[in-house]
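Some structures are shown below for you to check.
Same chain, two partners: subunit A is paired with subunit B first, then with subunit C.
Moving on to the complex of A and B:
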């Protein structure tokens, strides 16, 4: 790197830093975010968490009720993920360059995935809440909509990355489209797809809390209820239950991933 | 002559066509257990007050009204843009502050830059932070620090840090060991190594991770506006659907969110293609 290039480089970094600083200042101004004040509240908040968010004997009495809602949430997330995976499998096969049936279907699959992924889960739950009302199906459908978009993109990428040679070999033997997909493409991509599905189960359990708060179902509703009743001990217990669940699911899926990939 | 390899045979002498290994078995079990759990889930659901037929019909009608006749009734276009700006700003602040904190934490989490026990502690800490959903962090901070943008940014900060620490520390661990040796032989101390060895070789990579997180944070910021009253376009969406029941306005807001999200996705896909050509995530 000669002196001129270095100077240019320095100049560029300077401008980049300046842009970041200006954007930060603008964002703080728009949201009335006070950086110093914000940082100062962290120790205070942590102190508050340790003095108020404690699981007590009294809150433990609510454990069966909480666990029941937690189970509902876990089942809802798993059901949403697996059903979405089935739909995404078809969309993924139609959308991928390797296995597409025709251009129209491919573009259609990608379009559906893109729209369903980019409308946030919150928007889906609020839209569905209007006509489906407060029950598990609303949460299920909201998670389902977001998951289809994400998994379709992941599946398309896995299928595109899979080697072309087995597809060519099978085509050369005169295999039908269905045979090529089921014997060459799916077996090759299955480990990756299962890994993505497990990742989504984990993400959805976390998202289910959010969806639950909005749609009044599952563990999110329980959290919201105790939160609004200012029963912080119960809030702590609910949070603890979620944390333990997420960590267990994380450990299981990491273990499975290690074996299959 | 080639030695005949061992072939697994059935009792009657036929060859096993599928030998099967541990990986295949685990995949099989995973798929079966997920399927069983799904069936159980559908039996377990709380179907209170649900009439599927009419609900589907109603949703189809609602979606039609939302997406074909979007209008604004309760606020002006400028106000809508301003609210989108708030959401983007919340996401931006959480991402930038998160990136700075995550940079220093990930130096402690990278196994080639920090002692093993330090990196293990940081990783456990990050895993616990990640396990608490963002909305709970925001709500907890809302009581502890008072409502306002501070609670939202701080709550979103936690997950941004956790995500970026993982990405950053993996990037640091891939830095060529030769760079460390060369710098150490000149008498460079730890900070010199970070500043002139690690940072220049990973900087663009780190930046694209930060941008990917910004894309995620935009969605999170919308969610926090709706579920935790953090303001911005998410809150307007919540008001339009939950209080005014104004489908046309919900449609307009959804379009606004969709356009921003699509723009961010296009940029991040380009970044991914440029900086992570081999990995898909």
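Moving on to the complex of A and C:
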């Protein structure tokens, strides 16, 4: 970079910083959010958290019930993710430039992916709530719908990136489409795909709590219930359980990743 | 008797640019032919028209009495089984073993299900080992392909083509990514395939001297047209200029 470009660069950064400051000021003015006041409430909020959100002996009695709901949530997340993975595998193969069967299916796969991905999982829950009501199917479907888009997108990219050359070679030997997909594309992309699926399992266990609050299922429902009963000690216990679960799942999937990659 | 006959072949990817124009040549069983020409002349495109990895619009290609252009899906698969292909970047599946990659060459003979399940006969496995040994890489049979050097990977690629028991092998710049030593090994193997096994080789090359040394015949391509078709020693300085156009002149001046 020469000096002129560097000066220009610095000049640009300055303008950028200024714009961000102005935007921050404007948005807090519009929303009447007072930064100083907001900061002032923090110590009080922390104090409240420590005095109320404590796990007590009494709340520990509820542990078996909480764990049961937690297990339900974990299994639902895993089920939603794996079913979504299977659907996404097909959509990914059809959507990828290297393995597409025809243009129609390719566009269709990309369309499904983008619709599913661009609607947040919370919105999916609320939309599905209307048609399916408050039950675990709704929660399952909400996670499923959000996951299909993300995984399809990820799979398309993995396939595009990893297998163009071997697809060409196997096609040239006279291999059929499914032989090429199963013996060139899948073996090459599998580690990456498994890695994405693990990532989605983690994400979905986290999302499941939120989805559960909205759809009245699993650990989210338990959280919501104790929260509304003002039983903050139980709420703390639920939160703790979720955090521990997420950490454990994270450790397991990191280990699996290390083994397969 | 000719194995491959190309008549009036023409190809364009887009309406505004004709890549191949009225290409004619004839290739006999067991011949070793090099195709040379500047970058963008259409060498790769021409090679891929022969096994219809690229579809062409004009002209006629006859391979082994079959009209390549008019084959249906099943017949096309059959044609490809008879034509091996070797690539500049080897195009193996890097995560799979050498042996698996070689056996991929048998898919053309199998039903989809046999292929997906990876059912190979004892005879096929023995054949794979025989070929690997011939290429001097049998000790790597159970290694993953991405652990091999470029020259070794290219030999795996050749084994994959040979296990198809093809009548013709198409090679698209097989030595362009290799050092001189590995290049010589690969070219020697290709040459012996044509002389000993009687398999016709059609090789895209960038090095004129290599083409002259190994080929029974050289086809020179410039801007989508055949501008030379003859023996290596007939390729005079003047004819090389005709193939490579002004490029070589500029190279010499620079």
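Here is the rule we use: the second predicted complex is superposed on the first by the 253 of 261 C-alpha atoms of A that agree within 3 Å, B and C clash if a C-alpha of one lies under 4 Å from a C-alpha of the other, contacts with A are read in each partner's own complex, and residues count from 1 in each chain.
One rule holds in what follows: a residue touches a chain if its C-beta (ideal position, glycine included) is under 8 Å from a C-beta of that chain, and two chains touch if they have at least 3 such contacts.
Since we're looking at a predicted model, the values are computed, not measured.
S.K.: Applying the document's definition of touch, where does A:225 land relative to subunit B and subunit C: first, second, both, or neither?
M.R.: Neither partner.
S.K.: Figure out whether A:63 sits in contact with subunit B (first) or subunit C (second), or with both, or with neither.
M.R.: neither
S.K.: First (subunit B), second (subunit C), both or neither: which does A:182 touch?
M.R.: Once the two structures are laid over each other on A, A:182 reaches subunit C alone.
S.K.: Going by the contact rule stated at the top, is it subunit B or subunit C that touches a larger number of residues on subunit A?
M.R.: B
S.K.: Of the two partner chains, subunit B (first) and subunit C (second), which one does A:259 touch, if any: first, second, both, or neither?
M.R.: First partner only, subunit B.
S.K.: Counting only touches as set out at the top, which of subunit B and subunit C does A:105 meet: first, second, both, neither?
M.R.: neither
S.K.: What is the contact status of A:173 with respect to subunit B (first) and subunit C (second): first, second, both, or neither?
M.R.: The second partner, subunit C, only.
S.K.: Is A:134 in contact with subunit B, with subunit C, with both, or with neither (first, second, both, neither)?
M.R.: Touch partner of A:134: subunit B, not subunit C.
S.K.: In the overlay, answer first, second, both or neither for which of subunit B and subunit C A:206 touches.
M.R.: After superposition on chain A, A:206 lies in contact with subunit B alone.
S.K.: Tell me the contact category for A:55 with respect to subunit B and subunit C: first, second, both or neither.
M.R.: In the superposition, A:55 contacts neither subunit B nor subunit C.
S.K.: Take the contacts of subunit A with subunit B and those with subunit C, and give the residues found in both.
M.R.: 191
S.K.: Quick one: in the complex, what on subunit B touches subunit A?
M.R.: 22-23, 26-27, 30-31, 34-35, 37-38, 40-42, 44-50, 52, 55, 58-59, 62-63, 66, 82, 85-86, 88-90, 92-93, 96-97, 127-128, 130-136, 139-141, 143-146, 148-150, 153-154, 219, 222-223, 226-227, 231, 234, 237-238, 241-242, 245, 247, 250, 253-254, 257-258, 261-262, 265, 280
S.K.: Which residues of subunit A touch subunit B in the complex?
M.R.: Counting only subunit A, the residues touching subunit B are 20, 23-24, 26-28, 30-35, 37-38, 41-42, 44-45, 48-49, 53, 71-72, 75-76, 78-79, 81-83, 114-115, 117-123, 126-137, 140, 154, 157-158, 161, 190-191, 194, 197-198, 201, 206-207, 209-210, 213-214, 217, 220, 223, 227, 232, 235, 239, 242-243, 246-247, 250, 256, 259-260.
S.K.: Can you name the residues of subunit A that touch subunit C in the complex?
M.R.: It comes out as residues 163, 165-166, 168-176, 178-179, 182-184, 187-188, 191.
S.K.: Would you mind writing out the residues of subunit C in touch with subunit A in their complex?
M.R.: Result: residues 51, 53, 77-81, 83-85, 87, 89-96, 104-105, 107-110, 112, 115-116, 118, 157, 160-161, 164 of subunit C touch subunit A.
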